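Notes follow the structure.
Residue numbering begins at 1 within each chain, and the chains themselves are lettered A, B, C and D in the order written.
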Amino acid sequence: MLQQDLSIVSNKVIAKDTYEMVLEGDLVQQIKRPGQFIHIKIGEGFSHMLRRPFSIADYSLETNQLVIIYKVIGEGSKWLSKQSDQSFINVLGPLGNGFEIDHLANQNVLVVGGGVGVPPLYALTKQLSQRNDVKAVLGYQSSDSVFYEEKFNKYANTTVATNDGSYGEEGFVTDVINQMQNQVDYYFACGPLIMLGAIQLQLRDTQGLLSVEERMGCGVGACFACVCEADNEKGYVKICQDGPVFHSNEVTLYESIS
Amino acid sequence: MNLSVDLGGLQLKNPIMPASGCFGFGKEFSQFYDLSELGAVVIKAATGEQRFGNPTPRVAETPSGMLNAIGLQNPGVDKIMEQELPFLDSYDTPIFANVAGSTLEEYVQVAEKLSQHPTIKALELNISCPNVKEGGIQFGTDPNLAYELTRAVKQVSKKPLFVKLSPNVTDITELARAVEEAGADGLSMINTLTGMAIDKQTRKPLIANETGGLSGPAIKPIAIRMIHQVREQTDLPIIGMGGICTADDVIEFLLAGSNAVAVGTANFHNPLVCKEIIDELPEALKRYKFTSLDELREVAVS
Amino acid sequence: MNLSVDLGGLQLKNPIMPASGCFGFGKEFSQFYDLSELGAVVIKAATGEQRFGNPTPRVAETPSGMLNAIGLQNPGVDKIMEQELPFLDSYDTPIFANVAGSTLEEYVQVAEKLSQHPTIKALELNISCPNVKEGGIQFGTDPNLAYELTRAVKQVSKKPLFVKLSPNVTDITELARAVEEAGADGLSMINTLTGMAIDKQTRKPLIANETGGLSGPAIKPIAIRMIHQVREQTDLPIIGMGGICTADDVIEFLLAGSNAVAVGTANFHNPLVCKEIIDELPEALKRYKFTSLDELREVAVS
Amino acid sequence: MLQQDLSIVSNKVIAKDTYEMVLEGDLVQQIKRPGQFIHIKIGEGFSHMLRRPFSIADYSLETNQLVIIYKVIGEGSKWLSKQSDQSFINVLGPLGNGFEIDHLANQNVLVVGGGVGVPPLYALTKQLSQRNDVKAVLGYQSSDSVFYEEKFNKYANTTVATNDGSYGEEGFVTDVINQMQNQVDYYFACGPLIMLGAIQLQLRDTQGLLSVEERMGCGVGACFACVCEADNEKGYVKICQDGPVFHSNEVTLYESIS
């Protein structure tokens, strides 16, 4: 875990309100696995006191680079979208534990992402595909918000769904999963809480790992901003430190969304 | 330059400490620098029993500040002593315990236990947490309750007692006087101001608890004013806080009448902030033509 | 989209007005846009006699905010009626007069004069100015004094009376209830929070008056919280203010329970801000899926 | 008076901590005379609520450009110093009344500037020199803070003084004035309050115009932040609106500094 200025290699639109930013710096060497995230300082001076968490979508120890994909939502992501190549941004990371996948081989694996939940699944899919058969179901709002379909297709049998049917299947990722024939041995999901809860319920007999979001303060486990009720000794987990990836039977999301 | 300060009888290497609740029990930040460099460490609030705190979201950004409503989540005083203090014991810096509760009895019980623990060098009595339904802020807004609570805690603890004042009051000097009369050895100020932010998309408060405590640079002018007001009425040592981000801010707080300072929210902005401020303080003092901390304290605005 | 609002019987074109003290008597800003576009104009505080205000410096920037200690400088109520109101009369927007004083008698005298002037459509009773030695904030922090003053002013004025509350209190709902019982027709909230900043170079307060009133985005979360708290206790119309800079901010204030809003400090940042907000409000409402202002008010957080 | 985004033509160091910035835009057409100022918005978003006032050091209606010269003091001027060419800054102006000089011809005129009080005197000196004999006395901290000496020399007989004697005469501008032989018919001064007060006292038998500074809010006369006691009917003047230039017998500065 480091705090470091990373240089912006590129920062470009890849879908509606969605940017891909490539960053370079030694901090990359500390990334252990897909699903970890970085916490980015926003703006000049002290007008934005909270950093913004973004998943590491891809990384390479050889090039010393990592990729984030972010949607412009509010002030922080808007500021990010205006930063130009060759400038620097201050990054705290890598944070969290990411997806543990060492135990998986020769399995039918399902990867499910919704919107800006898709990014962390990309590096994951790349790595999973080395030893497993991977299916990816990616959900987006509509055709203009679709990104990375081809990239996923290289490593996984990929289905895209859009809420309004303007591209791929019409409906939610859960609708696509409903229609799937193959048996799933293990699943991975990242997306809005409501999607995660629905999938957790839908695949409750299957083992899986969920990547969960919550508003964060410190990002390192010190402030207790990002706790989530859990089935463990303490009764809770800290998403930034213990997660953001949890085993599907550790955190119960569909209760908290009802 | 010698940065050491005497704070109510405690000798600190320098006047910089992380503020309660913004530094956990130190473990996470020890990955960034050696905690022995700190003037002191104030740990997260302890209550009698384990608390799970408020529903999430618990934090939201605001202009030059943030709201939080953690709700005093902590494993309870016994587990803190068992599981958290041993780690801190390995560092060469005094540990301040932050004491919270819902009832006078709970405060007293927690204070008594912590004050007997050898790792704890001083207590900070949190009578100003705006984010819990019971206790907390009531004790901090009613001078009589504040007096009684402070007295009761003084009776069970021999360690220096700093009472942490709430800024959500008409006249903070009244509270300061009440706890001084009750035997407080020092004051910590300020805790957060109660605030709220509304999500225009969901049309609901951004913080699940509805209101939260406002901290960060936004409240700095209020902290400076209150410290200055209280300094005019008492010689008690004051730990000043509220929006400190830089060594310049530290100087401003010392000029207002603080003896030491605590850094809260800024730790989220920059996990190295406390260490960096300590490193930069001598330069900053020179820039403003101070040859020592003592000299600064002598000219403190009065 | 129809932006008109009924504010305690007054019909406003839209809910946006400049805040008292940040817009003078309108003349300067009329160089930037037609004041008739405004929902209303609140003019600078009037006192019984001419006042010269506090020594300079009177303003200082703070993180996302500013301090001011103008000290109610104004030419006195008679000269205001004679020299300033005729100009405003030529615009098609209701004029609110801001009434200040050191004594109950002065307040009553000023209110009586202004309320009889045909250009003045409503009074805003400033019981919350933190920058004068006498009057002002005392009336705003003591519910009994606030009650008496409001009653006394109501007796001499038939125009709608908005009482402007101070945030420098432990419980703002207590003040709101007191002035409602005394007959206030509405509330304005919030005035500034008392703050201070120290110049590290000179080692003296940046504001000659030492303390000043903190305004701007920094205080927005406090304003939102207080308006929400008061809205839960009263149906009086509320003019909300404290850090408004954008149409989004206006929506947040309306969701908190305001009926209209005032924009203060932001006028210094952008002299066209009020007009721009009015122009952008319909778009912003649509962005958050509101089809009308009425619909917004129905879902206001409660 | 306009609020307008002006483009930055150049922004460069000209002395220690001192920058010269050239701005271009239609607002320039409204400048009436030397001594007026502009009020500049600082930073992104709303973290800096107060604009910063800077004197117009030079301007040209032909090129549509104006020049400011500023010293890096605090957050605002630091931010300004980091703005790059071709970007825009938001300017409110021109503000104030500036130096009235139409009545002056064939006079011995003295122009006195201290530090960042020097800038507004440059355009003034240029214009004065067309019909008068101008002497300029410019005071700086030390040799590395001297700027625009040669430029002034083109239009006026210029003496530079530095506090530490590292360049030109040693001492204050008042020392230089003390030693001057020639008769002065009219003077102009701009600089720190303490310098203006000293000159007002020193030249109390001479008519002059002083440009005065004060912390400002609105910059347009609405907020009463920048008042100064004055010998007039109202008893005060607003520096932003009635000034920043005042007749030497209108405002009494040496009283307020003692």
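One rule holds for everything that comes next: a residue touches a chain if its C-beta (ideal position, glycine included) is under 8 Å from a C-beta of that chain, and two chains touch if they have at least 3 such contacts.
Chain-to-protein mapping (UniProt): A, D = Dihydroorotate dehydrogenase B (NAD(+)), electron transfer subunit; B, C = Dihydroorotate dehydrogenase.
Small disclaimer: the values here were computed from a predicted structure and weren't measured.
A comparison of the C-D and A-C interfaces places the larger number of contacting C-beta pairs at C-D.
For the pair chain A and chain B (Dihydroorotate dehydrogenase), the distance between mean C-alpha positions equals 35 Å. Distance between chain centres (mean CA atoms), chain A to chain C (Dihydroorotate dehydrogenase): 46 Å.
Inter-chain spacing, taken between the CA centroids of chain B (Dihydroorotate dehydrogenase) and chain C (Dihydroorotate dehydrogenase), is 34 Å.
In chain A, the positions touching at least two other chains are 46-47, 75.
Residue positions 63-65, 216-217 of chain C (Dihydroorotate dehydrogenase) each touch two or more of the other chains.
If each chain is drawn as a node and touching chains are joined, the picture has every node linked to every other. Chain contact summary for the complex, chain D toward chain C (Dihydroorotate dehydrogenase): residues 1, 3, 41, 46-51, 75-76, 92, 214-229, 234-236, 241.
Only residues 63-64 of chain B (Dihydroorotate dehydrogenase) touch chain D when the two sit together in their complex.
Here chain C (Dihydroorotate dehydrogenase) touches chain D in the complex through residues 21-24, 27-29, 31-32, 44, 52-53, 56-61, 63-66, 68, 70, 73, 75, 216-217, 245, 265-272, going by the rule given at the top. Across the complex, chain B (Dihydroorotate dehydrogenase) meets chain C (Dihydroorotate dehydrogenase) through its residues 62-65, 67, 141, 168-170, 193-198, 200-201, 203-205, 210-211, 214, 216-222, 224-225, 228, 243, 248, 251-252, 255-256, 288, 299, 301. The touching residues of chain D, counted against chain A in their complex, run 43-45, 47, 75, 79.
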